Amino acid sequence: MTAINYESYKRLIFDRPYPGVLKVTLSNPGKKNSIDEIMHPEMVRVWHDISADDDTAVVILTGDGDAFCAGGNFDMVRQMVEDHEIRMKNLREARDVVYNMINCTKPIISAVRGPAVGGGLVCALMSDISVVAKDAKLIDGHTRLGLAAGDHAAIIWPLLCGMARAKYHLLMCTTISGQEAADIGLVSIAVEDKDLDDKALEIASQLADGPPTAIRLTKYTMNHWLRMAGPIFDASLAFEFHAFTGPEMREGMASIQEKRKPVFPRHSAF
Amino acid sequence: MTAINYESYKRLIFDRPYPGVLKVTLSNPGKKNSIDEIMHPEMVRVWHDISADDDTAVVILTGDGDAFCAGGNFDMVRQMVEDHEIRMKNLREARDVVYNMINCTKPIISAVRGPAVGGGLVCALMSDISVVAKDAKLIDGHTRLGLAAGDHAAIIWPLLCGMARAKYHLLMCTTISGQEAADIGLVSIAVEDKDLDDKALEIASQLADGPPTAIRLTKYTMNHWLRMAGPIFDASLAFEFHAFTGPEMREGMASIQEKRKPVFPRHSAF
Amino acid sequence: MTAINYESYKRLIFDRPYPGVLKVTLSNPGKKNSIDEIMHPEMVRVWHDISADDDTAVVILTGDGDAFCAGGNFDMVRQMVEDHEIRMKNLREARDVVYNMINCTKPIISAVRGPAVGGGLVCALMSDISVVAKDAKLIDGHTRLGLAAGDHAAIIWPLLCGMARAKYHLLMCTTISGQEAADIGLVSIAVEDKDLDDKALEIASQLADGPPTAIRLTKYTMNHWLRMAGPIFDASLAFEFHAFTGPEMREGMASIQEKRKPVFPRHSAF
Amino acid sequence: MTAINYESYKRLIFDRPYPGVLKVTLSNPGKKNSIDEIMHPEMVRVWHDISADDDTAVVILTGDGDAFCAGGNFDMVRQMVEDHEIRMKNLREARDVVYNMINCTKPIISAVRGPAVGGGLVCALMSDISVVAKDAKLIDGHTRLGLAAGDHAAIIWPLLCGMARAKYHLLMCTTISGQEAADIGLVSIAVEDKDLDDKALEIASQLADGPPTAIRLTKYTMNHWLRMAGPIFDASLAFEFHAFTGPEMREGMASIQEKRKPVFPRHSAF
Amino acid sequence: MTAINYESYKRLIFDRPYPGVLKVTLSNPGKKNSIDEIMHPEMVRVWHDISADDDTAVVILTGDGDAFCAGGNFDMVRQMVEDHEIRMKNLREARDVVYNMINCTKPIISAVRGPAVGGGLVCALMSDISVVAKDAKLIDGHTRLGLAAGDHAAIIWPLLCGMARAKYHLLMCTTISGQEAADIGLVSIAVEDKDLDDKALEIASQLADGPPTAIRLTKYTMNHWLRMAGPIFDASLAFEFHAFTGPEMREGMASIQEKRKPVFPRHSAF
Amino acid sequence: MTAINYESYKRLIFDRPYPGVLKVTLSNPGKKNSIDEIMHPEMVRVWHDISADDDTAVVILTGDGDAFCAGGNFDMVRQMVEDHEIRMKNLREARDVVYNMINCTKPIISAVRGPAVGGGLVCALMSDISVVAKDAKLIDGHTRLGLAAGDHAAIIWPLLCGMARAKYHLLMCTTISGQEAADIGLVSIAVEDKDLDDKALEIASQLADGPPTAIRLTKYTMNHWLRMAGPIFDASLAFEFHAFTGPEMREGMASIQEKRKPVFPRHSAF
C-alpha cells in the first residue's frame, strides 16, 4: 500500500497515541471546529486514506479543544445557497462522508465533548463506537435552519434510538445531552468529560490489539443494515438540498445571523 | 385547495388552539371513545382532509375526557364476525388508517391519557410524536381477544422498543404505563397527566411555527422505514382478520363479555 | 402428527411443567452446558420436532444448574479448525439453529442464569421472549476468539439494542449483566435469579393457555423483520467461518488455552 | 439421516431414473392430477423428506400421464369454503409448499406437459429449473375463480417475466403456452412434448453428477431474492384466502360448475 | 362515496365505453397532449377520484388523436427552472403521480399510440397493463434534456426489462418502438395501431366483468415490489430536480429549442 | 484531482479513442487475458482511479485480441487453495471488483468478443452497458469447477434474465452465445463481431458528449437495486470461497487439468 500523506490535510490533525491507533482531530480553532470548504472534502477523503493505511487499525475521531464540531460554517452555507456548482459539490460530499465512514474498513471511535452539530453530529454518530461526555451537546440542527433532516438521520436514527424518539428530536431540533444520548441508545456510552479521552483511547487500544480481520468483518456486516437503508438516506439528502434555493432556509439563516426568532413561510408545496 | 368540511365528522371534534394547529379529539362519550362503525371510517379519511387543509400545519390527536380510546367496540366487532362485507370493509379501513397516518403530509402529535387500546393504540403509536401521561395505560389487546397482533405492531414496534420487548408485550398482552412506554422507546416522551395538554400544544405550536417543507420532508423520508415494512404489516393484518371466522376470537370475545377467563382451543392449524 | 421421540436426545432434557409447556434444558454437566458435537445438531433439529409436537404450545429453554450455556467447547472447535467437512457441517448447523428458532411455530422463552456465551447466547437471544437473571453474564465472545461476530448478532442486535450499543458490545466483547441487557433492550426482562424459573413458567403457562393461532401468527409475522435480514446474517456467518483456517483464530484459541493475552497478527487482507 | 418412508405417500409416486435423481410424479389418475386433501399436505412435507434423503441429489417433479396438475379440486375447495379449520389448514399448507420448495436443499426440476393450473402452477414455477412442453398450458386461474392471485405469483413472477407481463397474465387469467412461457422467461426452457422427459432427465443427471455443495449453495443464495419477498407473498396469500368466505369466489365456483359465464358482484370494499 | 366531479378537469376527457370502464384521455390538442401546468396536477388527483368512484372498476388511459403524450411542455419546464416554488410543486406532483397510480385501487390499462415521452412515458409504464401500438415511440428523454432519469425509471424498469437493457435505453435516450418494448417486457403487449383501442377495451371490459376484490388485491400486492423500491425512486427524483438550477439542463433545453446538438459541460461534481 | 498514474498498471492497457472516453483493455497475451495475481488487484483499483480521473467521462472495457477474459488462471487459483492469506486477499478483491464497478461514478461499457468466463464474466455483466459479439461465449463456470456461483451472479442475474433462466444457466454451467444473452436480457445488445468495437465506441462517445451529472446520477440511482442486494452477494461470495479448502473444488480443478470428466463426492453437509 502507498504511504499516506496526512500532511496534506489542513483541518485534520493526526497523531498516534498507541500502536495502530490513529487519532484524527477536527480542528478549526476559535470556530468550534466548524466545517468550512477546506474541512468538508477532507472529511470525505480521509476515510479512503485510512482504509489504505497499513499502520492504522483503529481511528479515534475527536474535536480540538472543548468542542467536537459546530457544523457547517456560514460562509460555506452561503456559497451553497448562491452557487449551483458548490451546492452540488457539497451534496456529493455530504453523501460521501456518510458512505465513506460506513465503508471505511477500520473501526472508528468518536470521542465527543461540547457541541456536535449538523455535519459534526454526522461524524459523531456515523462512527462505529460513539463515546460522549455526559455534558456534550448533540444537536441535529436541520429544522432550526429551515432544512429537512437529511445528512445522516434517516439512515441510522431509527436503528439507534427508535422512531418515536428519533422523530421527536429531529422535528423539534432539541439539544440532547451526552447522558441522555446514551440513555436512549443514540450513542454507545457516556462518561465524565474528564474521562473522555482516556476512555476513547482504552477502547481504541483494545481494538488495535484485537484480531483485525474479525473486527473489520464484524463492522462490515453489521453495516449492511445501513447500506440497505442507503436509498432512504439518499432521498433525504437530495430533498434537503432543494431547500438551499428556497425561502425556508433563507429565513432560517437570516434569523440565526440576526439572532432573532425565525418567521417561516406558512405555505409549502409538500 | 378545497375548504375542508370538518363538520361532516361525527366522532371527531376539531378545534384550533394555535395558528396552524388542528386538534382532533376522538369522542364517543361514556364509552371511553371506543371505535364504532361511524368513527372507524372517519379515522381513515381525516388524514386526507388534513393533508389537503392549507390552514393546518400540525395535528394534535387526543381523546375526549379521561381516555384516549378504548379500541373497537363490541357491536362493531360482532358485525365483523357475522358479515363478510363488513369484515372486509374494516380490514381495508384498518389498513388505510395506518398508511394514511404514515402518508399524511403534516406531522401528527398524539396526546394520550388513560387507556389506549387496540385501534386506539394504533392512533397513539402511528403518530409521529407521541406524548403520553405517565399513568396512561397502553394495551395492544389482540392476543387477549384471540387475535394475532395485526393492526400496526408489526410495522413499527421493532423500530420503537426492539424485538425482545415488542414480542414480550404483544404476546403477553401487557398493560404498559406511559412512563414505561417512554423508558423503552415505545412513545416519544411521558409527562405528568396534568401537563399533557400543555406539552402537546407546546410541541405542536413550535412545529407550526417551524419551516413547513423541512418538517414535512423530515417526516416523509423517515417514514420510508415504515413503508418498506408495509408488506410485513399487510401480512399481519390479513392473517389477523382470518380469526374473525374462527374459534379463538369467538372464545376471546365471549370470555370478555362474560367476564371470565377464556378457555381457548388447544389446537391450531399453524 | 407423529409422536416425537424426545428420548433420542442426549444433551437436551425435556419435561412438562404445565399443560402445553415443554421445558428444554441444555445439559452438559460439569461443563457449563457447553456445546459439543452431540448437542450442536440437537439444537438444530429440536425445533422441527417441537413444531410437529401437538402436545406443546410453548417452549421454555434453559440451562442445567447454574449456567445457561458456555458456548462451543474446545474439542468441537478444534475439529472445525482441522477438518473441512466438520467445519461445513457446523456452518450449516450454526445457520440452521438461527433459522429454525425463527421458524419454529411455537413461541420460545429463554430462561437464562449464569453465563450465556457464543452459541449459548444465540439460543438466549433468538428466543422470542428472553427472561434473564439480573446477574446473568451475556458474552458474545467472538472477537476475543479471533472470529467475526457471525452466529446471530447481525440478524437481530440492531433490532434489539440499536447499532451504537450493538457494535460497542460486539467489537469490545464485553460481559453484559442481565440487568444491563434488559436496560438496553437486548433481552425482554430481567428478574432476580431466584425468581427466574417461576417467571419463565408464569409467562409460558399464560401463553399455553392463550389462543394458539393468534400467538403463533404474532410471532410469525414479527419475525419477517429477521427473515428479511437473513442475507446479512448469512454473509456474517460465512465470513466468520473463514477464520477457522486463519491465524487470528489460531492465536485466539491458543491464548485462551494458555490463559494469556493474545497477540494477534497486525495485518489483515480486509 | 433417517431413511425416508416414501411408501407413506398416496398421491406422489417416486422412482429413481438415475443415481441421485428422485423423480416425483403427482398422480391423481383420471383427474388431471388435481390436488385433493390427500395430495396437498403431501406436497408440503415431501420437501423436508427430500432434504433429509441422502440418496437424493436432484428432484424431477412431473405429472402422471398427459397433465402436470389441474390445481385444487372442487371438493377440497368446497370444504375450504365451508370449514374454518380446513381453510386455515390449507392456508398454512399453501404457504408452506412455497417456502419448502424454496428451502429444499436439493435442486428441483419441473417437467411440465399439459395443464399446470393453480397449485399445479405453483409447483411448476417454484421449481428451480422449469422445463415445459411447448404446448403445455400454464394457467394461474385465480381471478377466474374469484380469488386474488395469492399462492405464489407475488413472490416470483416479477423476477421471472417482469411486472408488465406478470400483471397482464395474472389479471387476465390467460392460458400461456409452454413456448410463450419460455419466451418471456416464466420458465427456464421449452422443448417438444416428446423430448420433455429426456430433457428433464438430462438436466437432472448432470446436476446429480455435479458438485453437491456448490449446486445447493447456488440455489440457496439465489433464493434469498425470494425469501426477501416473503412478506409480499404472505400478504397476497392471506388476502386471497378471505375470498373463501365472500361472494366473488362463490360466484366464480358456481359459474365454473354450471359451465357459464360468471356474473361477479360490482361492489368491493377494496 | 361522493359523486366524482369529472367536469372540473380541463386536460383530461372522460367517457365510459363499457359498464364499469372509465376511459381517460390526455388531451392537449395540437401539442401532442404535452403536459402543461394544468394537466400535471390533474394527472395527480385523478387517481384519487377514480379510487373513490363507485361506478368505475377499470381505467383505460390513452391520448387524444395520434399521440399518447409528448411529456412536459417547454413553458412548464421553463417555469420550473425559474421559480423555486413551481419547481417544488412539480417535484411533489411528479412524485405523487407515480405513487397515486401505484396505489389507485382499480387496474389501469394504458393504450399507447404515437409518442410517449417523459411524463407521458411515466403514465404509459406505471399503468398496470400497457398495450401499445407496434409503431408507438417510447422515449424516456431525460438525458437528452440534461436530466437524470428520475421520474419513474428507477422504480420499475429493472422489473420490466432488466438492468442491462434498462441502463442502455435510459443512458442512451433511445427511441423504442412499441414492438421492441413488448419484446423486452417494457410493456405488456404490442398490437397493430388499428387494433389498439379495441384491444384495450377488450381487456378493460373483461376486467370490469371480473371479480373486483380479487382483481384489486392482485394489483395491490404485486405493487408491493414497487413500494419497496420507493426510496430508490424518491432519491432518483430528488436528484433529478437539482438539474433545474444547473448548467446541463440549461444547455439541454437551449439546444432543443435551437434545434442543434447540445454541448454539455465536461465537468460534474458527481 | 490527482493525475492518474495509468502507467503503473501491468495487465490493463489504456487508450483514449475519443475525448472523454477511456478504453481499458484486459491484456494477458496468449492466455486469453486470463486473470492472474497481477491483474486481479488491478481490476479492483482501476475503478477508483477512473472515478478520480477528470479526463474520463466514460469507460470502454474490452479484452485484448479475440478473447474478453478467460477468468482466473490456474496458478492463482492453486495459490488460493493453498494459502489462507492469498485466499482472503482474493475474496476481498472479488468482492471489491463488484462494488467498485457499481460505485464507479462513470458509466462503463463492456465490449465482449470471444470467451468471457468467471471473473471475466463479472466484468462483462457488471458493466452498465454490455455490448457483445453475437458469437461471444459467456460462461459462468463456477459449478463446473466445484464452486457455488458466488462472484456476481446472485447480485444481478435475477434482474437481468429472471430467476428461471438464471438458475438454469448457473446450475448447468452452460455456454451462452452473445445472441442468446441479448435475447434473454443478460446483456444490453448483441452485434456482429466485426461491428463490436465501433458500436462500443459509438455508445461511449455519445455518452461522453452527454450531460455528465445526469448520466452519472442515472447510473447511480439505478444501481441502488444492486446495492440493496449486496448482502445476498456477500453471502454467495463468502459461501463460495469455503470450497477452496474442500473436496469438490479439488476434484473440479483436477478434472479440468487432467481433461477428464469430474467425479464429485456424493455427500455434502449442505
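Quick notes on this structure:
Labels for the chains are A, B, C, D, E and F, by order of writing; each one numbers its residues from 1.
Everything that follows uses one rule, which is that a contact is a pair of C-beta atoms (placed from the backbone, for glycine too) under 8 Å apart; a residue touches a chain by one contact, two chains touch by 3 or more.
Quantities reported herein were computed from a predicted structural model and do not represent experimental measurements.
For the pair chain B and chain F, chains touching both partners: A, C, D, E.
The pair with more inter-chain C-beta contacts, choosing from C-F and E-F, is E-F. When the CA atoms of chain A are superposed on those of chain F, the rotation angle is 180 degrees to the nearest 5. One simple way to say how far apart two chains are is to compare their mean CA positions; for chain C and chain E this gives 51 Å. Averaged Cα coordinates give chain A a centre that lies 35 Å from the centre of chain C.
Chain contacts: chain A has residues 88, 159, 161-162, 185, 213, 221, 224, 228, 231-232, 234-235, 239, 246, 268-270 touching two or more partner chains. Under the contact rule stated at the top, the pairs of chains that touch are A-B, A-C, A-E, A-F, B-C, B-D, B-E, C-D, C-F, D-E, D-F, E-F.
By the touch criterion stated above, chain D contacts chain C in their complex at residues 48, 88, 213, 221, 224, 227-228, 230-231, 234.
Within the complex formed with chain E, the residues of chain F that make contact are 20, 54, 57, 105, 107, 125, 128-130, 156, 159-162, 185-189, 203, 206-207, 209-222, 224-226, 228.
Within the complex formed with chain A, the residues of chain E that make contact are 84-85, 87-89, 91-92, 231-232, 234-235, 238-239, 241-242, 245-247, 268-270. Residue ranges on chain F touching chain D, taken from their complex, read 142-143, 146-150, 153-154, 157-159, 161-168, 170-172, 184-185, 229, 231-232, 235-236, 239-240, 243, 246, 248-249, 251-252, 262, 264-270.
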